[in-house]
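Common to both upcoming complexes is chain A, partnered first by chain B, then by chain C.
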Partner chain A sequence: MPDVNWIEMKNLQPVALEDIPVIPVEELRSDVIERVKSGGRLVQFFGSKTSDGTMLYAVLADDNASRLFVSSSRFNGIASYSAMTPDLPSAHLYEREFYEEFGILPDGHPWLKPVRKGTPGIDESETPYEFFSMQGEEVHEVGVGPIHAGVIEPGHFRFSCHGEKVYHLEIKLGFQHRGVEELFVKNRNRPLYLEKLSESVAGDTVVGHAGGFIRAVESLADVAVSRRAKAIRTVALELERIAVHLGDLSALSGDVAYLTGNSVFGALRTRVINTTMSICGNRFGRGLVTAGGVNFDITPELQESILSMVDRLDIDVALAAEVLFSSASVLERFEKTGVVDRDAAASIGMVGPAARASGIAVDVRSDHPFGGFEFVPVHKLTLQGGDVFARAYIRFVEIQQSMRIIRQQLMGMSDEASKKNVGTLRRDSLVTSLTEAWRGEIAYTVITDANGEIARVKVKDPSFNNWFALSLAVRGEGISDFPLCNKSFNLSYSGFDL
Partner chain B sequence: MLNLLKLRRKHGHQAIPDLRSAVLMESHRGFPVIDERKFEGDRQTLVNACPTGAIRKDPVSVDLGKCIFCGECERMSGGAIRFTNGHKLGASGRTQLMVTSSLSYEGFRDCSIRARAEIHRLFGRSLKLRQVSAGGCNGCEMELAACGNVNFDMGRFGIDFVASPRHADGIVLTGPVTRNMAPALMDAYRSISEPKIVIAVGACAISGGVFGGSDETNRGFLDEVKVDLFVPGCPPHPLTIINAVLDFIGKK
Partner chain C sequence: MMVQTFVTLLAVISPLFFIGLINKVKAIWAGRKGASLFQPYYDFMRLLGKGEVISTTTSFVFRVAPSLNVAAVLLALMVVPVPHFGSVIHFDGDFVLFAYALGLAKFLTVIAALDTGSSFEGMGASREVAFSTIVEPAFFVVIGSLALLTQHTSFDSIFASFSTTSRVTPLVTILLLVSLFIMLLAEGSRVPVDDPNTHLELTMIHEVMVLDYSGPDLAFIQYSAALKMTIISILIADLIVPASWTMIPALLLSAIIVGIVFASVGMVESLIARARISHIPQFLLVMTTLSLTAFAVVSFYFFGSIR
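Moving on, here comes the complex of A and B:
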């Protein structure tokens, strides 16, 4: 779709800011709605402060053609625009976020509540947060959090129930807000710090987030990372995926009181994160990815030991999954619980394994290949159920897929050095870096200024797309199924709250 | 059914038999050893490069409370700072976390945690903890959760995480304490009956870590309460956490 309103780019392909069309916000609005309705996908929608006002950028993906499109609009003294959300539900959080950060009102937004900080101009501790309230004689509310029962991150869940049945779940987040995006810009002259910061955006997705940010920086510096470094990064990314998926299968087993699964998958996970530690000295892959390559090589001996770990794991996971997914007591809880159907998933813009479990074929590794996936194609796996079972089972098949990817990557390692030098960044440029981490699509858009310094880093964790799916999943379910539904998504609080 | 039996048999016993003497693999980055004589070049570069400002010069020291064990200084200093696999990093005082050139891992271990008779009497046989994540990235939280899994099984010592602060003997804090979590953290702390302890786990809780320079944190809680046990790391390994707690409550 050639169009003067948009400029085409690819994942990790920088464009000059002056080449990005600046169009009136009404046009941007109608274009986004129209393009998403005809098969496009909203990847990012965010503001950026400039010397002459506020810029609003929209990045859309055409997944089938591996293309991205970017356009922008300038707000100079304009205090509001007509909200997209009524026509495009998947935009609802992006618009709330844009309002919160820049104070430009999306007029007609049906759910304009704080995202992380509160209403613009008001102290967040004083910002009133009005929960949706159901009316009725025997309706009651259950409030949970911010501190939860287990050892997990904080967030607040408000259930509107009639008896045991949940009619609505409202999720209030922001408790983990640490100012990540501001820290990226504030510390732009400390490249090492930025790498470590990206590792801590979501500590369960270290390789995913660090890889996403660092690839954006590398593309702005026009550095082509060696094939070997790409392979090592890909191995680490897939180990991360396997480890978390195994941990999730363990926790899902625990939530339905299936203790064998809880123990067995938990122990298998330990084996995988210890393999990650054997590569880089940290169980979560911290310190591995660095601008220009990787800090740790995979020696032939290490390669042998990873391959033999994968071979053993393959057999053990197959047996454990066979037992889990043939247990009647497990299936009784998993099947038809927490259903998000395909239409709902598409309309709210879900990503990652949760979307694939609802029949939506999105996978950045295949749609917008990056790093090691430029050489090894990935087949998109989908299931149709959209229930807890589908979200559990897709983890099992993705674990098997990741093991195949690791084998392929380790076989195809070249002898090149694993690290290159990174120089200065392109001036006045924008790049979008998409990564398929275990939870789904991570998007980093990095903008540089006239001196080639980082002026804006926009982070989008897949949780930003998927939290609302949890609300939909528990509608009509018994409140006691909430922990199971929640775990079947396993979304990030810190990745959302930034 | 046959598969289930096969699986149980294969699973066997996963628990590490002796958590006190277990050794981590060589690649794990634990206690840093500083050899002042090996330093070449500009020390200021090293100080500036450290992502969390954990390194000081003249004499060179590493603050374990700030260190995220990324290993960059080891590469930059040509091994003058070297991370060993020593994982018992807990300390009962903030000052004990300053590692200088003269300090060996054994030397650090000798004075890092003072087991008090009163703590041993109160919590030696049962310690129930309420974990509060206040801006943690989920790294420390996952390792704390792992302390209870089949491999580490911290419950064998009578140490568990509980759901309510009313059932707890203390708080395990993770994260740099965000402004949005500060009130809830204080509420949880106040809900625990005396006597109570505070354990700070991870670089963020101890010093702010990579979020030390953020405007969105409010570390007032740490000015008001006394931290009884510091567990450094980013995140600390489960064995680091468990051994620190065991040392602190005076368990052999």
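Moving on, here comes the complex of A and C:
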């Protein structure tokens, strides 16, 4: 689609800011809607403060062609624009976020509520957040959180129910907001700080987030990381995926009081995170990925032990999954619970395993290959059900796929150095880094200023795309199945709240 | 009389041990070593030594409910005969007292839950009451079949003459055993009806109603649930142990049966998942079906042609 309104780029390919078209917002609006309707996907939609007003950037992905498209619009003295959301539901959170951060009103937005910081100009202690509420004689509301019974992150869930049946679930987040994006810019001269910060965006996706941010920085610095380092990063990323998926299968079993699955998958997870620890000394992979490569090499002995762990795990996971997925009482709970159908999933822009379980073939590893996936292709796996069963089963299938990937990466390791030096960054450039972490697509867009320093970092965790899917999943379900649906998505609060 | 007192005392103090047994069975299935069989006693003592936090929105109902709850369940224990020894009190129609002593205990839990005004606890209360409306009639059918078969209306005399009987006794025994086991799972809030270990307040039935309790009151509530399960398992032992047996073998066999019943609860909890809330009535209706079948068999025996 050659078009003067958009500049074409690839995942991790920097473009100069001056090459990015600046078009009127009406044109940007209609272009985005049109491109998404004809198969594109909204990846990033964010603002950036510059000396002459506010820039609005939109990054779209053409997954089939492995291309990204970026365009922008300048707001100088304009206080509003016509909202996209009525025509493009997947833009709803992006527009709310843009409004919250820059105060430019998306006119006609149907659900202009705070995302994480609060509506501009409104003090929440005076004008409290208003939940959607249902009227009726036997309708009741149930509020859960922000403090929960388990040791989990804070978030508020408001159910509108009739008896046991949920009609609507409204999710209010933002309790975990730490100002991550501002911290990136504020500490741009402290490389180690930035790495640690990216590892902490979502504590369960250390390798995914750190990899995503660091690859963006490397591509701005024109550093080509050695193939060996890419392989080690990929192994760590896939170990992370296996570990979390195993933990999720364990927790899904726990939520339906299925003791066998709960304990067996939990024990298997320990093996995997201990393997990550044998590589870098930390079970969650902290400190492994660094700009220019990795901090820890994999010795031949370690390579052997990882391979033999994977071989044993392969057998045990297959056994445990056979028991779990053939247990009638478990299937009764998983099947046809919390269905998100394909159309709904596509229209709200879901990503990751949850989207693939609803039949949408999106996988950054295959669509926009990065790191080790540039050498070894990955097949996209999808299921059709869109229910809790599909989201559980796709985890099992992905665990097996990840074990194959780890074997391939370890076999194909070159003998280069595992770390290179990183110099200065390109000036006035923009790069988008997409990563398929275990939860789905992580997008980092990094913009540099005229001195080659980081001027803006936009982070998008897959939770940002998928929280709304949870609301859709529980509609019409019994309220007692909410925890199970919630666990089947296992979304991040801190990744959303930033 | 001494021995009778001893046996009753045993029934009063043993329930927590059997809870420990369930946990042990589950631990072994999960590949863990598990806590000591006596851990529930330590927990009980720990809770007794703690202070209480009482929500300011509650009334006296909330405070008296746990103690009355234990009292009501103890009253139910009094009319249940221990094999060979019989019950502490018995009179014609005492099973009605039994059913409604348990009913009173449940009523107290439910109104205490409503007293807190919490939407969670209200939800739990509504579930508890909904499922009780299935269990309670089924229990009367169970007792009805026994009363019809033995021509007695007191637990004590029903079980005194139950085993010395007819050709249909084995069949009726099996049907009622399963029936009572389902009742035990429901009344004890165990899998697949409820999940006693979950922290997910939206899925709970019994646990969610007692969320606001702490300290001694919580200890009472946990004890009362354990006692209720023990009482029902003694009824199961009553069905099996022949009334003619002498003291020691009868007592031993009863203890073994109660142990097996609790171990089975642990097995069920290890091997199957909890049912979806909307399907629990179907599971409970199995109890109704089985007890009605038993009743039909007994009726045929008397009024039909199986003689």
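By definition in this document, the second predicted complex is superposed on the first by the 492 of 498 C-alpha atoms of A that agree within 3 Å, B and C clash if a C-alpha of one lies under 4 Å from a C-alpha of the other, contacts with A are read in each partner's own complex, and residues count from 1 in each chain.
FYI, contacts are C-beta pairs under 8 Å (C-beta built on N, C-alpha and C of every residue); 3 or more make two chains touch, one makes a residue touch a chain.
In this text the structure is predicted, and so the values were computed from the model without any measurement.
In the superposition on chain A, A:N5 contacts neither chain B nor chain C.
In the superposed model, A:R333 lies in contact with chain C only, and not with chain B.
In the superposed model, A:F284 lies in contact with chain B only, and not with chain C. Using the contact criterion defined above for the overlaid structures, shared-chain residue A:S471 touches neither chain B nor chain C, since it reaches no partner. Looking at the shared chain after the overlay, A:P154 reaches chain B, while chain C stays out of its contact range. Of the two partner chains placed around the shared chain by superposition, chain B is the only one that A:D316 touches, whereas chain C remains out of contact. By the touch criterion defined above, A:G179 reaches chain B but does not reach chain C. In the superposed pair of complexes, A:A267 makes contact with chain B and with chain C alike. Comparing chain C and chain B on the residues of chain A they touch gives the larger count to B. In the superposition on chain A, A:Q400 makes contact with neither chain B nor chain C. Residues common to the contacts of chain A with chain B and with chain C across the two structures: 149-150, 260, 263-264, 267. Against chain A, the residues of chain B that register as touching in their complex are 3-4, 6-8, 10-11, 14, 25, 27-29, 49, 51-52, 68-72, 75, 83, 130-146, 149-151, 161, 163, 175-176, 178-181, 183-184, 188, 204, 209-211, 213-217, 234-235, 237.
Put simply, chain A touches chain B in their complex at residues 116, 124-125, 146-147, 149-154, 174-179, 182-183, 186-187, 190, 192-193, 195-197, 200-204, 206, 247, 260, 263-264, 266-267, 270, 274, 277-284, 286-287, 295, 316, 319-320, 322-323, 326, 492-494, 497. Touching chain C in their complex are the following residues of chain A: 140-144, 149-150, 164, 253, 255-260, 262-264, 267, 327, 329-330, 332-333, 337, 478-484. The touching residues of chain C, when paired with chain A in their complex, are 26, 29-32, 119-120, 122-123, 127, 191-192, 195, 197-203, 269-279.
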